[in-house]
Structure formats: structure tokens, C-alpha cells
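Shared between the two complexes below is subunit A, which has subunit B as its partner in the first and subunit C in the second.
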Partner chain A sequence: MELFFYALISGILYGIFFALVGIGLNLIFGVMRMVNLAHGDFIMLGAFGAWLAYSKLNMNPLLAIPIEIFIFMIIGFGVYYAFVPRLSKSRDPEMLSFILFFGIAQIIEALAIFAFGNNQKSIPFSTLGKGSISILSQSIPFSWVVSAAISLLMIGFVYYYLYFTRTGYATRAIMSSPEEASSVGIDVSKISAFAMGIGLSLAAIAGVLAPFMIGSIDPSIGASLTTTSFAIVVIGSLGKPIGTILGGIIYGLAMMFMQTYLASWTNLVPYVILILILLVKPSGLLGKKVRNA
Partner chain B sequence: MRKKNIRLIIGIILILVMTALFALLPKIYNNNFLLFNIMLYIALAEGLNLIYGFTGYLPFGYVGFFGIGAYSASLLILLLHVGVVPAILLGGVAASIVGIILTPLLRLSGAYFAIANLAASQAIYYIISNPHLENITQGPYGIMLSSVYDATASYNAMLIVMFFAFMLVLFFRQSRFGLSLMAIREDSITASVAGVNVVLARTIAWLLSAFVAGLCGGVFAWYTSVFYPETVFSLNISIFAIVFVLFGGAATLIGPLIGTVILYGMYNFIGISTPQYFQLIYGLLIVMLIMFLPNGVVSLFKKVKDYVP
Partner chain C sequence: MLTSVAVPIAQEHKMLLFDPTGTSAKFFSPHNPYLVLTSLPTSGVWPTVLADFLISHKINKVAVIYSANDFNQSQAETLKSKLEAAKIKPVYYHAVPTDTSNYTVLIRTIEATHPKALIEFGYPTNDIAFLQNLQASGAKFNMVFTIFPGQQLALIEKNVGTKALEYTYTYPTPPLLVYNKVNYGMPMSEFEKIYTQTTKRPVDFLTVAGYNAGLIIQKTLATSKEFNQLALRNAINTFSGKLFTLNGLFKINNEGAQIGEFLPVGQFQPTKTGIVLHVVYPQNIATGKPIYPAP
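This part shows the complex of A and B:
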């Protein structure tokens, strides 16, 4: 029972963090119908940002968050205007974006190796607060609680943005139909570019927390983070950012319980969940029917 | 002569020339390993072309079939003492059986299919490399096939697999079946109204594609004779095959061939010594291709001549 509660609590904390990992991908897909296969690599860049802040500037890594939001906003606008308008006019935007962003992922990974080398980097957990905290008589590292709290805060911002601001309304209008949105006077490309910026910023923030949640970082972690994000997003339902919270928590719990009871099969978890969900309920747990061939 | 027959003959001549070329090259060029790998990737690219080029499904986890072929053939040889050639053929069959298990994925479209297929290949990898299965698959410790090693025979086996993959693509290009697949790719509902059995046609293309990858895996296992799970399930194999097809031009016979020869040649030139430069160039190349030449190099020829084999 001890193990059970430990897995339950850490699963939920990890789940909230993983929701943040996936949410940017989902926002971009929802708005642009484009698959950002470089998502994990943007997370990796965010993580290196935190590492730079900690090891070179002696800052608390969390202070990197506002700086990264600003930088990744700009990158997001750049990526949007460089690729998306041209790609939308092509014969199969969804599929071609998939391959295009794969190319971008390769470029980012190569550049990150040039900049940071192939070695693993890490930030001591204690920088987010020392010691551990007791929840249901389980001692949980304090850094996990902080990371989960920040993740929850960020998801809260996304929720507020989408449901309580004017641009958020416009964003959701584009999600349900870009044509109708533009016919009522919404500037689709501006709002979409903004969504791209938010999506990448969220990836970067998840990256700042990554050294505390997934351990050491190196330029090659992007690819597996992308697959994990996909699993999370698909569980929750693609194109519905808020569903990602459910996806993240299911994923976090599944992973922690697997690690507790059947450790050697943990790696299989994201892939098996992903396939099962796609086959049983292809639209995700909260989704409408949209994606059958 | 009818136009169709001329096209068929051009295709056959091209295939025979390529096969003869690779049969003779080892006599004048002694980097047997490079030649083998080029043939391997040509066969894989043509195999992937069967499903991606003709149906539009992008199998990101294509390497799963390759790995299944390699492992099935090796385990049949090591554990059940099956002859090498039947074992390789059964490796292809095993890949197709996995293909049958994965057919429900074909219900998904576009990126969903690609991601699900990627997940499937990773799941297979983690199952095979799991230390709990050490008694059967050797887990992460890899396979040693040195008892049946035969460089010349395995080279020739690869030649035959490449020939077979070429012939399948030619068949897809020239037959009614291939035409119905392309009709499905463009608009599956219209195709089904016109009397095409959409599900059956897609499934056949999918299984043939898996079979080719399985054969490639088996022959690769025979040729290298020592390999690890991460060698035969390396995502790079899928990625290479996809980029080669895209670069050359999907749904043609010659596109994947051009793509493989140019890009794999480039990989040998810079990729092995300085992988990150290669990765950078690859990434830039992919971005450029999608932005400016989404139909591959072959589309340049198509501007001059409307039929490219």
C-alpha cells in the first residue's frame, strides 16, 4: 500500500508536468492543423536555457522562464511566417508539415550539439527547494511539487487565455473553422502566429522544468519527448488543449505504476497507450470523431 | 506498340541494368559493404514507396518490419535450425504477419497513422530488447549469426531482394491494381464508388511493403552476422528511407533509386565522420524539399517529359 500511494502521488505530480509538456503541441495542432514534430527539440532548447541560466549566470533556473517566453514568442512568429503560409497552400499540409518539422527537429538537434556538445548536463534538484514534503505520509521531493505547481499555473494561463480573452475567443474560432473565422473579420494569420509563439513558449517552460523531472539533459532527448508528447496529446484528444491535462495525468499514473510494479517494461508505456487509444477511440478520450481515413 | 507496353519495357530494362550493375560492381570496386548498403536502402526505399507513394500512408515506423525480419530470420536459424534462405523468406512473412496485426492502424489518416506506426515500431523494439526475454531474443545483447556467415551469398541475396522490390514497384506503376491504389490516394470515396475495394487494396500494399522490409532485415542480419536490437530498430533506417523517397520522388520507380544513390552517397562522404554536420545538412535539405520541391527531383524531369519511369 505504501508503494501504491507513492506511485499515485508521484504519478499525479508527473502527470501535471507532462500535461505542460504536451499542451503546446496540442495548441499548435489545434490552431494550424500542423504537426510540430520538433516539439521535443524546443523543450530540449528550453532545458538548455535553464541550464545556461543556472551554470553560466548563476541564476535560479526559474528566472529563465520569462526570458524564454519572450525569446520563444519571437521564434514562434519567425517559424510561423517562414513556413506555415506557404505550407497551407500545398496539396497536403498536415502530412508535409509533419516531414518539414521533422527536418527542423534535425536542424535544432545538430545546432544544439554544436553549441552544447554531446555530454549530459544536469541541474541539482535542490535549486528548486531543498528536502522533501510529506503527502499522505509519503515523502515526495520538493522540486517535484514546485514543478507541478508551475505547470499547473501555466496550464491555468492557457485556459484563461483561451476562454476569457478576446484573442482567446478568436483562437478557438480558428480551431473550429479557419474559413468562418476569417469571414467574421478575425486576422487568422496573426492569431495563428501568436498561437505558434505560445505553443513554443509552453514547450520551453516545460523544458525549464525538465531537468528536475526527467533528470539529465542532452541534445538528443528531443525525439523521445516528441513521442511522449504525442502520446499525452492523443490520449486527451488532439486539437483540444484542455484535454491534455487528462492525457498527462493518465500518462503520469500509468508510468509511475509501471515503474513501481513492472520496472523493466516502463519504456513500453507511452507507445502502448498511444496505440491502444488510437485503435479503441481514435479521437482521444474527450474528442469528437475527426480523424478516420 | 501501345504506350503502356513501351513504358513496361523501359521499366524492365532499367531494372535489369541496375541489377546487372550491382552484380558486376563488386568485381571492379572493392567496398562491398557500401554497395550492399546502397542496395539495402534502395530496396527499403522502394518498399516504403509501395505504401507511401501509392497510398499516401507514411510509415514512420517502417523500421519495425525491418527489425522483425532480421530477428525472425536469425531466431529461426539459431533456435530452430532452419536453412538461411527459407529463414529469410519466413522473416518477410513474419514482417507481414506483424503488418496484419497492425492493419487497424490503416483506419487512421495522415499524421495519426505515422505516429501510431512509429509507436508500434518502438513498442516492438522495447519488447524484443527487454532483458526478460533474454532466453529467446538475447534481449539487449544482440544476435550472433557467424555460423552461417557468407559474404558473397548474402550480397547476392540482397541483389535479388532489390530486384524483387523494383519489380513490385513496376507492377504497381503499370497495373490496374496500382492505378486503383492511386485513385484511393487521391480520393478514397470516389474510388470506392467506382468499384475499387479500398480496404483490400490498401491492405495488400501495406503487407507487400512490410514483406519487402522483412526480407531486407533478414538479408541484413545474414550479411552483418552480428547486430544489436538498436541496430535493426534504429529510427534512422525509417528516416533514411523516407527522405530518400521524398528526395527522389514518390510513386515512381526511379525516384527512390536516385534519392538513395545521391543521399546515401553523401552520407558516406560526410555522415560517418561528422554526424552533426550531416544531420544539419539533412535537416536543411528536408526543409528545402518540402518548401520548394515537394514532389522530389523527379518532378524536375516531369517538366521536360510527362512520363518518368
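This part shows the complex of A and C:
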């Protein structure tokens, strides 16, 4: 029973982190209807930013968060204005976005190998606090608790932004229907660029926490993080950022219970859940049925 | 990784492949005369001394976690069979995906089986994640064994810190294992001096393995009477078992696998200035006594 509770608590903490990993991808998809296949590579860049801050500048990696938010917001605006308006005018923007962002992912990975090499890098867990903390009599690494708390804070920020700010209302209006949002005077392009910036910044923050939750980092981790993010987003519901929290927690719990009771099969978890969800509820757990008039 | 691709290509094109460190047992077969492993024994025999150490110290509750690949699986299987032959059944014996980077829950699960020794077979990335998670989890084991601190100490120490390595066990390899009595090439002390002066980098096992591969190739070319692939292979047979380099005895079997070297058991013990590795088994080459259980 002790193992069950340990897996439960670890799974929730791990899941909260993975909700943060996926939420930026879902926000971008919700607003632009484009799948950012370079999402995991932006997370990887965020992770290397934290590593640089720690190993080269002797900074606490958490202090890299505000700097990375600023840098990735600018990158987000750049990526949006360079590619998205042109893609939107094409005949099949969703498919073309797959190809475009796949290419961007490859470029980012190649440049990261040039910059950082292929060796694994890591940050000592103790930089987020030494030892462990007792939760429901279970001894949980302190770095996990800190990482999950920051993830929760960022998810809370997304929730606040979407549901309690004017820009957030506009973002949700675009998610619902870009044409109707435009007809009532919302600057779709500007709000979308802002959403892209937020999406990439969230990826970067997840990257800062990644060395503490997923272990060591290297330039090739982007692809698997994109796949996992995509699975989490689909489980929760594509285009619904808040559904990603549910998707993340389901993923985290499934991973930890599998590691506890059936370790060899752990890697199958995201894909098995994804297939099950697609079979049972294709619109995702929080998705609504689409009514075709 | 590269060796698994190179072996069939070399065999198909009938080209002799000098393999510096690719030790997976599945590379070697009696039907392939085009492969020679220059450093390290094949992975299947690595844990032989480790198993003897566990048995001789009456450590009878052993947990084994290994990455699911040929290199690690062959070691886990050898260890398990040797322990079972001594009537020791591992209390935990599981494979995990090779890309596992988080061992926190696994460590907790293993802790619940109350082992007296925890053996983790993985690649360097696995060892780094495992040692980091072990330290963060606060879990304590009497004995913890990982592979790569004995081969790439600088890399592992940089990533996990010195504290995480204290009292852990490994397979020590050169330069942690010093062979100064050689009959070919430079002894370790001389190589270490020249290499460090020239490159300004510390010597690790991969450096030694690279130099050792060069020595074997040089000796092969000097010995072979003809310049064709099977003549080169036959030339190696003439000096196999007679050549002592800074990597130990070079001896191959009929499959080209290295059988001259063996991997003892070493333990990192703390000192005032950091950690020092002592060979703790077998006793005839031991440089220190094991501190068991770890404090």
C-alpha cells in the first residue's frame, strides 16, 4: 500500500509538470490551429538555458525563468510574423504547419548539437533544495515538489490569463472562431502572436524544470518531448489548454504506476492511453461533440 | 551503438573491423572472423567478479535493475545465473527502457524489497539519472553498484557530484586501474603524462581504449606477412595472449572477443579531498577493503 501511495503522489507531481510541458502546445494549437512540432525542441532550448545559467553563470536555474520568458516571447513573435500569416493563407495550413515546424525542429536540434555537443548535461537536484519532503508520510524529492509548484503556478497564470483578462477573452474568442472574433474588432494577428509568445515561454519554463523532472538533457530530447506533449494534449482535448492539466495528470499517474508495478512496459504508456482515448472519446476527455449543421 | 551497425557491414564486405569498446555479446559469433575487440571483455562476462564478490561476502538479497538492451541485459543475465547457481535469488530483477531518465519511483519500489545490494546496469545516461535520483530520494542501501563511474568518472562526477558516488561500487578500468608493467606501448604513468601535457585534458578510459586500439593495429600491421584481411586476423592470433599493454593482457578467443582483461570490483571511498577508488575484489589485486554496509 505504501508503494501505491508513493506512486500516486509522485504521479500527480510528475503529471503537473507534464501538464506544463503540454499546455503551450495546446494554446498555440487552440489559437492558430497549427501543431508546433518543434515544441519539444523549444523545451530543450529552455533546459539548456537553465544549464547555461547554472554552469556558466553560477546562477540558480530558477533565476533563468524571467530571462527566458522575455527571450522566448520575442522568439514567439518572430516565429509568428515570419511564418504563420503566410501559412494561414495556404490551402491546407494544418498540414503545412506540420512540415514547417518539423523542419524548424530539425534546425534547432542541429544547432543545439553544434552549440552544446551530444553529451548529456544535468543540474544537481540540490540546486532546488536538498533532500526530501514528507507528503502523506511519503518521502518525496524536494526538487520534484518545487518543480510541480512552479508548474502549477504557471498553469494558474494561463488560467487567469484566459479567463480573467481582456486579452485572454480575445484569445478564447479566436479559439472559438477567428472569423467571428475578427468581425467584432479583435486584432486576430496581434493576439495570435501574443499567444505564440506565451506558448513558447511556457515551453521554456518547462525546459528550466526539465533537468529536475526528467533527468539529464541533450539536444535530442526534443522529439520525444513533442510526442509526449502531443499525447497529453490529445488526451485532455486538442485546443483546450485547461484539458491539458487532466491529460498531464493521467499521463504522470500512468507512468508512475507502470514503473512501480510493470517497469519494463513504461514507455508504452502515453501511446496506449492515446489510442484508448482516440477509440473511446476522439475529441479528448474534455472535448465536446462537434455538431455538423 | 555504432558497432552494431559496423559489424554486419564489415562482415559483408569481408573487412577486418577493429572494435575498440563495443562489447555486446551478440556481436561475436564463430562464423564472423572479421571482428577483433581490442579493449574490455564482452559484456556477458563483465559481472563475473562482481557475482563472486556478492557470493563471497554473503550478500544474499540482491536487487538488479537494468536497461533493456543487449549490453546491459547480457550482464544482468550473467549475474542472475551466477547468483542462482549459488542459491541466491534476486529479490528484484527488472528491465526498464534504455531511455529511462527518472528512477525515483523505481528506487522506492526496490527499497520496499529490502535488498542488501542494489545493482544498476545501464549506459552513462542511465547511471547519471539513477545516481542523481538515488541521492535526491534519500533512500539508503548497503551497497550500490553502477557501471560507468569506473570508465567515465569525470563525466559522472561532474553530473552527479562527488557525494553521490561515495561508497558506491563499480568496475574500475584504466586509468583507475593502473598497468605499468607492459611489453608493448607506453605504460599508464608515461601515457598519462604525455597525453595530459599534449591535450591539456585528463585521461579517461575511452582515451586509453583509443590508444590501445592503435597499439593493436600497429602490432597487427607489423606482424602480418600479407596485407589481406584474413592474414591480418591470423597475425593477431600469433600475439594474442602475449601482449601486455596499459590496458592489461590482450587476448582474444576464436570469435574475436577480448578475454584477457577482467573487470574487478572497486569502491569509491571518501577522503578529505574527495573520493578515491579502491579495488576491493578479488583480494589478490585489492588495494583496500570494502566498506560494507555503506554508512
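In this section, the second predicted complex is superposed on the first by the 288 of 293 C-alpha atoms of A that agree within 3 Å, B and C clash if a C-alpha of one lies under 4 Å from a C-alpha of the other, contacts with A are read in each partner's own complex, and residues count from 1 in each chain.
Basically, contacts are C-beta pairs under 8 Å (C-beta built on N, C-alpha and C of every residue); 3 or more make two chains touch, one makes a residue touch a chain.
Since this is a predicted model, take the numbers as computed values, not measurements.
Q: After the subunit A overlay, clash or fit between subunit B and subunit C?
A: fit
Q: Looking at subunit A, does subunit B or subunit C touch a larger number of its residues?
A: Tallying touched residues of subunit A, the top partner is B.
Q: So in the superposed three-chain picture, is A:90 touching just subunit B, just subunit C, both, or none of them (first/second/both/neither)?
A: Only subunit B; A:90 stays clear of subunit C.
Q: So in the superposed three-chain picture, is A:2 touching just subunit B, just subunit C, both, or none of them (first/second/both/neither)?
A: Touch status of A:2: second partner only.
Q: Once chain A of both complexes is superposed, is A:41 in touch with subunit B (first), subunit C (second), both, or neither?
A: neither
Q: Answer with first, second, both or neither: which of subunit B and subunit C does A:256 touch in the superposed model?
A: A:256 sits against subunit C, while subunit B stays out of touch.
Q: Please indicate which partner A:267 is in contact with in the superposed arrangement: first for subunit B, second for subunit C, both, or neither.
A: Both partners, subunit B and subunit C.
Q: Figure out whether A:68 sits in contact with subunit B (first) or subunit C (second), or with both, or with neither.
A: Neither partner.
Q: Based on the superposed arrangement, let me know which partner A:107 touches: subunit B (first), subunit C (second), both, or neither?
A: Touch partner of A:107: subunit B, not subunit C.
Q: Which holds for A:122: it touches subunit B only (first), subunit C only (second), both, or neither?
A: second
Q: In the combined three-chain superposition, what is the angle centred on subunit A between subunit B and subunit C, taking C-alpha centres, to the nearest 10 degrees?
A: 70
Q: Measuring by CA atoms in the overlay, how small does the subunit B-subunit C distance get, in Å?
A: It comes out at 5 Å between the closest C-alpha atoms.
Q: Looking at subunit A, which of its residues have contacts with both subunit B and subunit C?
A: After superposing on chain A, subunit A residues 264, 267 contact both subunit B and subunit C.
Q: If you look only at subunit C, which of its residues touch subunit A in the complex?
A: 65, 68, 94-97, 99-102, 104-106, 108-109, 112, 124-125, 128-129, 132-133, 135-138, 155, 159-161
Q: In their shared complex, at which residues does subunit A touch subunit C?
A: 2-3, 6-7, 10, 14, 119-122, 124-126, 131-132, 139, 141-144, 213-216, 218, 224, 256, 259-260, 263-264, 266-267
Q: Could you list, by residue number, the parts of subunit B that touch subunit A in their complex?
A: Interface residues on subunit B, with respect to subunit A: 56, 58, 104-116, 118-120, 122-123, 126-127, 130-132, 188, 235, 239, 242, 246, 276-277, 279-280, 282-287, 289-291, 294.
Q: Give the list of subunit A residues in touch with subunit B in this complex.
A: Touching subunit B: residues 35, 83, 86-87, 90-92, 94-96, 98-100, 102-111, 113-114, 223, 227, 230-231, 234, 238, 264-265, 267-268, 270-272, 274-275, 278-279, 282, 291-293 of subunit A.
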